[in-house]
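Each of the next two complexes has chain A plus one other chain: chain B in the first, chain C in the second.
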Partner chain A sequence: MSDIDIKRISYLAKLKLPSEKEEFYSNSLKDIIKWVDNLKKVDTSKIEPLHNVTEKTVSIRNDEVSKSNSVDDVLSNAPERAQNFFKVPKVVE
Partner chain B sequence: MSNNWEMVIGLEVHAQLKTSSKLFSSSPNKFGSEPNENVNFIDSGMPGMLPVMNFGCIEMAIKTGYALNFKINKHSVFERKNYFYPDLPQGYQISQFEFPILSEGYINIESGDNQKKIRIERAHLEQDAGKSIHDIDPKYSFIDLNRVGTPLLEIVSYPDLSSADEVINYMSSLRQLLMYIDVCDGNMQEGSLRADVNLSVRKKGQELGTRCEIKNLNSFKFIKQAIEYEFQRQINIIDGGGEIEQNTMLFDTSTGETRAMRSKEFSHDYRYFPDPDLLPVNLTQEQIDKIKPLVGELPQDKLNKYLDNYNLDKDIAKIIIAEKQNANLFEKMISESTVKPKFIAAWLVGDIFAFIKENNLEVNSLNDKTKDITDLLILISDDVISNKAGKEILPKVLNGEGKPSELVKELGLEQVSDFGELEKIIDGALLGEEENILKFQGGSDRVLGYFVGKCLKATKGKGNPKLINKILLERLKK
Partner chain C sequence: MKNSISQIKKDLIEKKISVSELYDEYLAKAKSGNNNSFNLVIDRENNISSINESQNRYDSGNPLLLDGIPLGIKDLFCTKGIRTTASSKILSNFIPNYESFVTQQLLNDGSIFIGKNNCDEFAMGSSNETSYFGPVINPWKNKNSQKDNLVPGGSSGGSAAAVAEGSCVASMGTDTGGSIRQPASLCGIVGLKPTFGSCSRWGIVAFASSLDQAGPLTNCVEDAAYILNSINKHDFNDSTSSNHQREDYLIDINNSLQKKIKIGIPSDYLEDVSDEILNQIDNTKKALSKHGIEFVDVEFKTTEYALSTYYILAPAEASSNLARYDGVRYGVREDGESLDDIYLNSRTKGFGDEVTRRILIGAYVLSAGYYDAYYRQAQKVRRLIKNDFQRILNEVDFILTPTTPNEAFKIGDKLDPISMYKNDIYTVPTSLAGLPGISIPSGLSKNGLPLGVQFIGNYFEEKTLLQLAALAEKELSFNE
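Now for the complex of A and B:
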């Protein structure tokens, strides 16, 4: 099993871990991976990958417009808004 | 010394599909609305909302498949590409990864005097993200989610391009094809077509170098500038003994420079996995076949037709096929009249396009004037009016100031083509010109021009020059 880079994982998940907790979470994740690794023992070399448990195809709709809500509905859960924009702490990449 | 170096370029082009609604929601797919006007609970990533596939997007992807010589895959899978950004409310972009809808296509582009085949690895459907506006407030970013869920077709070429000019030719050919098959409006300013450029350099004949990706270029001018700058930047690093770091770059349009964009300490890891909300797309051959007739004539088909059937010069034919609306206007005029296609083409790329440009019009806007235009062209080709008079009347016809025949009468531009009348005028003009007539008969052709001018003047410019010439020659040879 590969080692866990807990700093990278918390970065990707946008979670801030206190440094004293890093080892604890790292070990928890290792346990999960160890458990999942059991599946690797099954020989799947002759089995087609399955992308979904049902055999069906995606359900489709025609290309038609319908409006089901107002701008205010969409903004009603926003912590902050400015006119009709969501207002969030500055993020510049 | 940059002449031992060559650039190797692959392009990822994002084409916004021209559907009415979004990829997985029924919200309008429309540019320029009020902020967050076209957003529903699916687009805004509310918990428990389920995406439903818009079949219009599949149709457009299949059309693109035919136009770009792709293998159209019956089986494709939507996956989640996970990353966090405020304008991506779901926390992931739904895209196709391992199983795209189109694979292994190509187009031919012009490279110098030759054709070059550019292979295309794949094209897949995906959602666009929203828009962050950073310059309204110093502390806050403002988010508009209208663009969230807009259907994109990402077209990924192989690294077969080797100059900025080839990249521009490839992009414009793609744009032309996508506009012909009516899947993308091609409006680069509004972001309907944008490119990520992957560029590496190598000494001629050597192995591929490390590439950098320049993101989100939305004009031919910027693409060219960014490529030229990045080419030189990489050469300078290697010549200075350094190594190229694989990086994502931004092009700063104000300085004309590229600079690294993403933080380097952690590389991104999108952790793709099949989207559990969406079943795989499984198409039947029948569904795919049904779409083929919708592709219509492609630019190359039209070019061949114009050269072989209409006998046009290649340069003129190319101007007409450059945009589908040009070709539509041209073909409408051919179908509605008996005027020779070659004659229509000359007027179209000449005075008619000049008028369109001068008045900042869309070519389409003349679609309801085609009958008037061809009526005018008939008057010219039948010698009822002169070429010069035609040029004078054309803008008035295009402005809708009247019917060509009425305008001709109103402005008194009808040519005198009555044989007898012209004979009388010519005989009058030749009176007292014995000396010049002798000169002509002695071999001086210049005198003919003098006589034609004199006769035209006598008809106040309305005499049919061809007839005048003909009658004059008969008279003078006696």
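Now for the complex of A and C:
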């Protein structure tokens, strides 16, 4: 197992770990990854990955128009809104 | 013995109690809040019209399946107009404008919600200690150490504690790797995880979508059948919801099983277990043998890989599912100068330690260079685990295992995540295989704490699983 680059992993997960906690998470991750490493010894060369455990045919509903949420419903939990939009700081200069 | 749903309905029909009086009894217990089993207790005013409508149906002689029955709902189910937090800071202000499929069925059948049960944050935990709203306390006490507060198990710990303390008749929980069965066992009640794909996941805050399944925590097996009759339905809004024909789980529940039954006991599960746990299996075996049920030893080949597989797949799915919490559309937003700062600050401050840990594990096993070695390999081993169960279920009708490796432990006792994860050793494999499992109380430990056994059945065969569990329950029942 290679070393865990905790800065890179937290960047991928959009988390900004406080510097005093980086070591805590880094060590914790190392322990857990080491613990799950036993899977590497299982021969799976002829095995397909399992995605949906019951492997039942996914049922497709008829394509019918139905009433769903209104704009106000959708925006009702928005931390900040402006008219019919979610509001965030300016993204494009 | 607490009243069963059928007994309560009988009392309501015979007017020994009114819907309103029944509700008030449970509401008062829920409000006392001694064990922190509720994140939110719903105000009486918000339930008054449901109470009156329910009473009217009793008065006119046409009560519904769950009419007037006070239920708890794990705070992971979206409930329309009622705060739904997943026990997380990041959702602590979230008020859904829709009702989850499962809770809608329960409302359609006349039940009345007492409140939202505390749980581990985003259902990640085995002790209910990761909740933003504080740990839930198990209503049971160690008789040799009365003042210790014990964990109720998790993640549906608030649900289990609420049923055990009598602040709701039953509670809806969710189970990803044992989150219904393990707390049910530690709190001395019944917990059923149905087959994956039985009960719609629509409107349940997602943790690991290939594993999450809703199910009831109840005082008795028959109550679990009541709830299952209500919630086990096909739903187009969940693409993994199975469209097979559902059975009536209640009818015939107390009848003897139709055919001769053979139950397998996995010898590899019982290596290294304590005598106390071993006794639960032996007692169950003895009790059921009297009914002509045959027991055989079976052996899994994949048990040692189950936890590793789970702790790759579940965090991977969680890291993907929890990407939606960004402080923009709903949930708590933390200040930031740029949009990116809002994302980073909201997520970092909004998630607790265990959730952060699992997001990081997930991000790692899904990242370039590690995806095939961890995530894809785990998905392949998952198929081997499923095949292993199918091999054994070709030889036997059911599998009997302990539910947990130990009794309820003290709050704060298990600090190391891996030792916490090992609590789910008997429930995780069933979840990976997607099979139904039910935990029923089987006896008390030397410390006077409840222990449970788990029966595992074949895909979508909840009906016979419940019949078997009802029979075992009669033989094993213990008084508090």
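Rule of thumb we're sticking to: the second predicted complex is superposed on the first by the 90 of 93 C-alpha atoms of A that agree within 3 Å, B and C clash if a C-alpha of one lies under 4 Å from a C-alpha of the other, contacts with A are read in each partner's own complex, and residues count from 1 in each chain.
Keep in mind that, in the parts below, contacts are C-beta pairs under 8 Å (C-beta built on N, C-alpha and C of every residue); 3 or more make two chains touch, one makes a residue touch a chain.
Since we're looking at a predicted model, the values are computed, not measured.
Asker: I'd like to know which partner A:V71 touches here: chain B for first, chain C for second, both or neither.
Answerer: first
Asker: Kindly classify A:N84 by the partners it touches after superposition: chain B alone (first), chain C alone (second), both, or neither?
Answerer: So A:N84 only meets chain B here.
Asker: Should A:L29 be classified as contacting the first partner (chain B), the second (chain C), both, or neither?
Answerer: second
Asker: In the superposed model, does chain B or chain C contact more residues of chain A?
Answerer: Looking at chain B versus chain C, the one contacting more residues of chain A is C.
Asker: Counting only touches as set out at the top, which of chain B and chain C does A:H51 meet: first, second, both, neither?
Answerer: both
Asker: Have a look at where A:S19 lands relative to chain B and chain C in the superposition and call it first, second, both or neither.
Answerer: Touch status of A:S19: no partner.
Asker: Pick one for A:V92: touches chain B only (first), chain C only (second), both, or neither.
Answerer: After superposing on A, A:V92 lies in contact with chain B but is clear of chain C.
Asker: Quick one: is A:S59 in contact with chain B, with chain C, with both, or with neither? Answer first, second, both or neither.
Answerer: After superposition on chain A, A:S59 lies in contact with both partners, chain B and chain C.
Asker: Should A:K40 be classified as contacting the first partner (chain B), the second (chain C), both, or neither?
Answerer: Only chain C is touched by A:K40; chain B is not.
Asker: Identify the overlap between the chain B-contacting and the chain C-contacting residues of chain A.
Answerer: 8, 12, 14, 51-52, 54, 56, 58-59, 61, 69, 73, 77, 80, 86, 88-89, 91
Asker: Which residues, counting only chain A, touch chain C once they are in their complex?
Answerer: Touch residues, chain A against chain C: 4, 6, 8-10, 12-18, 25, 28-29, 31-33, 35-40, 42, 44, 47-54, 56, 58-59, 61, 69, 73, 76-80, 86, 88-89, 91.
Asker: Contact residues on chain B for chain A in the complex?
Answerer: Residues 19-21, 26-28, 34-37, 39-41, 44, 46, 52-58, 77-78, 82, 84-86, 99, 132-134, 136-145, 261-262, 266, 268-269, 271, 274, 276, 278-283 of chain B touch chain A in their complex.
Asker: Residue numbers of chain A touching chain B in their complex, please.
Answerer: 8, 11-12, 14, 51-52, 54, 56-69, 71, 73-75, 77, 80, 82-93
Asker: So in the complex, which bits of chain C are touching chain A?
Answerer: It is residues 93-95, 97-98, 195-197, 210, 234, 236, 239-244, 304-305, 307-309, 311-312, 319, 323, 326-333, 336-339, 342-345, 347-348, 351, 356-357, 359-364, 367, 373-374, 376-384, 386, 417-418, 432-434, 459 of chain C that touch chain A.
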